[in-house]
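Structures follow.
Both complexes shown next keep chain A, but they swap its partner, so chain B is in the first and chain C is in the second.
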Partner chain A sequence: MNVGYVAGRGPLHRSHPFTPLTLAATFAILAFVLPAPGGAAALCALALALALFEGVGGVLKSALLTVLPFWIFLFVIHAVIRGSPVTALDVASRITAIVIVFLTVLASVQPARLVDAMVDRGLPFSVAYLFAATLQAVPRLRQRAKDILDAQRCRGLAVRGSPWRRARALVPLAMPLILGALAEVDERSLALEARGAAYVVRRTPLHPPADAGREKMLRWGMLLLAVGSIVVKIAV
Partner chain B sequence: MIRFDGVSFTYTGAARPALDSISATFGPGVVHLVTGPLGAGCSTLLLAAAGLAPHITGGRLSGIVSALGNVPSSADGRRALAGRIGLLLPTPWTQLSGMASTVADEVAFGPANHGWPRTRIADAVSRAMDRVGIVHLETRQPETLSGGELQRVILAGVMAMDPEVYLLDEPALELDPAGAEALYRLLPELAREATVVVASTDVDRLLEVTGRVWLLREGRCVAHGSPDAVLGTEDAVAARCSGTTAEIARSAGLPPPFPVTVEAAIGRLRR
Partner chain C sequence: MTPRLLALIPLAVGINLALGQLAAATALPLFLDTVGTVLVACLTGLVPAVITGAVSQVVMTVVSGNATWLAFLPVQLAIAAYAALAARYGMFGSTTRAALAGLGLGLAAATLSWPISYLAFGGVTAGGVTVVTTVLTGMGVPLKWAVYAASLSNDLLDKTVTFLLVRAVLAGLPRRAAARFPPVERALGRT
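Our next item is the complex of A and B:
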């Protein structure tokens, strides 16, 4: 499962970090504003093409695993119980489009570049750090969970077999994961404080990303599209 | 200069204080080694000196800690000391900023936080990497480094800030013997201009570079002075705080004070 930044040289990787973020926000708005299921299905196709073109096709598996429970839930609620499979398809395709595009953006924006971009625009470092740290939290926790799983299996923990056995195996995985993450928070706080992160007046962006005029225009265009689509939706 | 005046510190929920009535002065010129059995309070002493205990750790502090003329336990003191005290913790992977895609950027994290101009940051980073011997790692991703490499990267990050006080907690924990010795050889050089306090149980190697030893036990400072005077005593050797040479000398039947370095032991045996 692939969640988080993946090195690459696609257009989103090379662009100013605000551009992919604006793209994700625009996609999220359009997914709910465009008429479904046609509009959302078209956005799904577009998001899929974007992920492949960007060279981060690995996120599609993660997207599938993320949306699958939603699809099942929506199918049961809307198609089976309420007898409206179109509604299930409608909501599910909106969610799928949003998930694909967000995971694509997550895989394309390097947290360090995002921090530099935000600090360069005058945002407080604490806000930028919090934003970037949140983006990194999922891959970090996944890696830690994998390490704990490996360690527990070496110590004889059975993680395969019946659903009951798998459920029981969660306890010796979850406890070290949670306690370890909490302990790490303390140590990270000590280290960050010692390196001056708590008293930043104006951090120096080490590599402020270039922001070409056409990218700014593109972002304004996307924002106008998003706002315009909301206005049209309300008016019609 | 770091000064402790009757300092006690108790972690929240702890039955006994981690530091108990500590009075000590650490200044530049020599490398200070703070040592003792596990749980003696050596790491806590460094955290209190950096103003992080109780600020981050929680707990209760009494007595006066002053660092470079400021009180690090106060918010104003910590602000005044930001960047002037460099702290190295024993686990390097929890000290990564998470904001750097290369080693050079990781080393630059502290200086960038202080808003230095980019040219000054670049100079400080290349000088620190050169001194610690990690220039060849410059473009590597920090997450792909070994523990020992990472430890040196974090030390370079501390050195790049050019602090007036170095507080180093088990700085060679992840290093191989050669790497540890190379790092320790740097310490007297740093101590010429800055206060260097090392908390460690790696006494055998550190005695080569240490000028003053502070022996802690159960949070109390039980002895301080030159390495021979502090670690050559029957008490220190019996508590296994003195390193291998003194233990061998004691086992060989030499009378106290026991020699604590190989050279001193050879001298005594020749006599």
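Our next item is the complex of A and C:
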């Protein structure tokens, strides 16, 4: 499944990275607050249109793969077993709307621009580094896990059989991965220390994303809409 | 934040996300997505563990594209707090103590995660857990109890194995590496 940034020229791509993030948060709140089942279904249609308008229609395939198990289980549990298809439709639409908007935002916001925007707003270097380093570490460790699995299988480790046997196989698979990662900590911390990562100073991004006044107003508008809808939901 | 923590946390998050792959290879009903968080709690304490838990959940959501996972962020944070507490009281000192603490964590995690699953997503979350929920609902168990029972059955096993794995790592940690993380001695009940 392809998830992540896709180059493009849509309005979300060109906007300040905080605007798509605010949009995703507003959608998530509205999905829970708008009356069922019409509210979530309308949001779903809006999310679909947004993805297509942004030119990232490819995310719809990933969204379908993500939400399909939800639709199936919700249909079985709520429509077939409990006889409430409206509940199944409401929850499934809610999840679909959130997933489509989230994937659209992921496809529209370049991670480097987001980090620049965050650093520009005074976010400590350590926080920006944490996210960037983690996004790099995850695929590396996943590849290492695969290599360990292949290596242990070559040495005759059986990962099938009784549950007890499979549980025992976990130790020679997990331990090299964990201890290997811990062995890296020293090397990495020395490199970070040498680059002065421990010093708390405000960094200046080279290319901070432009943040137009109307975008700021749009973000405030979305936040007000989200908060207002919560207040109305509680009051009614 | 010290350079050591800046180096450790991304790797711990990587462990959280990579171990699921190994668990899947053994076809055991385990996620093992909190091993890194529990490990950081034992190596460094509460605050770094909470950061690891939060970053894990955000990155897991971003990498998978499944936005529903973000709703379970409070569970990761609670796991980090529980693990830090368990480490403080030396619950990794023996296999039995670690297993008991793992069972306690399973109970706590299931109790925290089922309302999110039930109220926000109609009782549907990860595949294996939802299959159990579906079967129980089909047998006439009320949905909320079916969701709780499914979460509990999975979390008790998953968190016990997580604590046992971390106990094995701490016990097998080379002396030089252990010396870099003073809280390890306390987690192992040696101080």
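By definition in this document, the second predicted complex is superposed on the first by the 164 of 236 C-alpha atoms of A that agree within 3 Å, B and C clash if a C-alpha of one lies under 4 Å from a C-alpha of the other, contacts with A are read in each partner's own complex, and residues count from 1 in each chain.
By our rule, a residue touches a chain if its C-beta (ideal position, glycine included) is under 8 Å from a C-beta of that chain, and two chains touch if they have at least 3 such contacts.
Treat the numbers as computed from the prediction; the structure is a model and nothing was measured.
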Checklist entry - So, does A:R202 touch the first partner chain B, the second partner chain C, both, or neither? => result first
Next on the checklist: Taking the superposition on A as described, I'd like to know which of chain B and chain C A:Q110 touches: first, second, both or neither.
Outcome noted: first
Checklist entry - Looking at the overlay, what does A:E184 touch: chain B (first), chain C (second), both, or neither? => result both
Checklist entry - What is the contact status of A:I81 with respect to chain B (first) and chain C (second): first, second, both, or neither? => result second
Checklist entry - In the superposed arrangement, does chain B or chain C reach more residues of chain A? => result C
Item to check | Which of chain B and chain C A:T134 touches, first, second, both or neither | outcome: second
Checklist entry - Does the superposition put A:M217 against chain B (first), chain C (second), both, or neither? => result neither
Checklist entry - Touching A:M175, do we find chain B (first), chain C (second), both, or neither? => result second
Next on the checklist: Touch test for A:L192: chain B only (first), chain C only (second), both, or neither?
Outcome noted: both
Checklist entry - Where does A:R166 make contact in the superposed view: on chain B (first), on chain C (second), on both, or on neither? => result second
Item to check | Residues of chain A that lie at the interface with chain B and also at the interface with chain C | outcome: 129, 133, 136, 184, 186-190, 192-193, 197-198
Next on the checklist: For a test of understanding, state which residues of chain B touch chain A in their complex under the given definition.
Outcome noted: 47, 50, 52, 55-57, 78-79, 82-83, 85-87, 89, 91, 94-95, 97-101, 105, 108-118, 121, 154, 157-158, 161
Checklist outcome for this item: Interface with chain B, chain A side, in the complex: residues 110-112, 115, 125, 129, 132-133, 136, 184, 186-207
Checklist outcome for this item: Seen from chain C, its contact residues with chain A in the complex are 1-4, 6-15, 17-19, 21-23, 25-28, 30, 32, 35, 39, 51, 55, 58-59, 61-68, 120-124, 127, 130, 133-134, 137-138, 143, 161, 165, 168-169, 172-173, 177, 180
Item to check | Sites on chain A touched by chain C in the complex | outcome: 1, 3, 24, 28, 32, 59, 62-63, 66, 69-70, 73-74, 76-78, 81-82, 87-88, 91, 95, 98-99, 101-103, 106, 124, 126, 129-131, 133-138, 140-142, 144-146, 148-149, 159-160, 163, 166-167, 169-171, 173-175, 177-179, 181-190, 192-193, 197-198
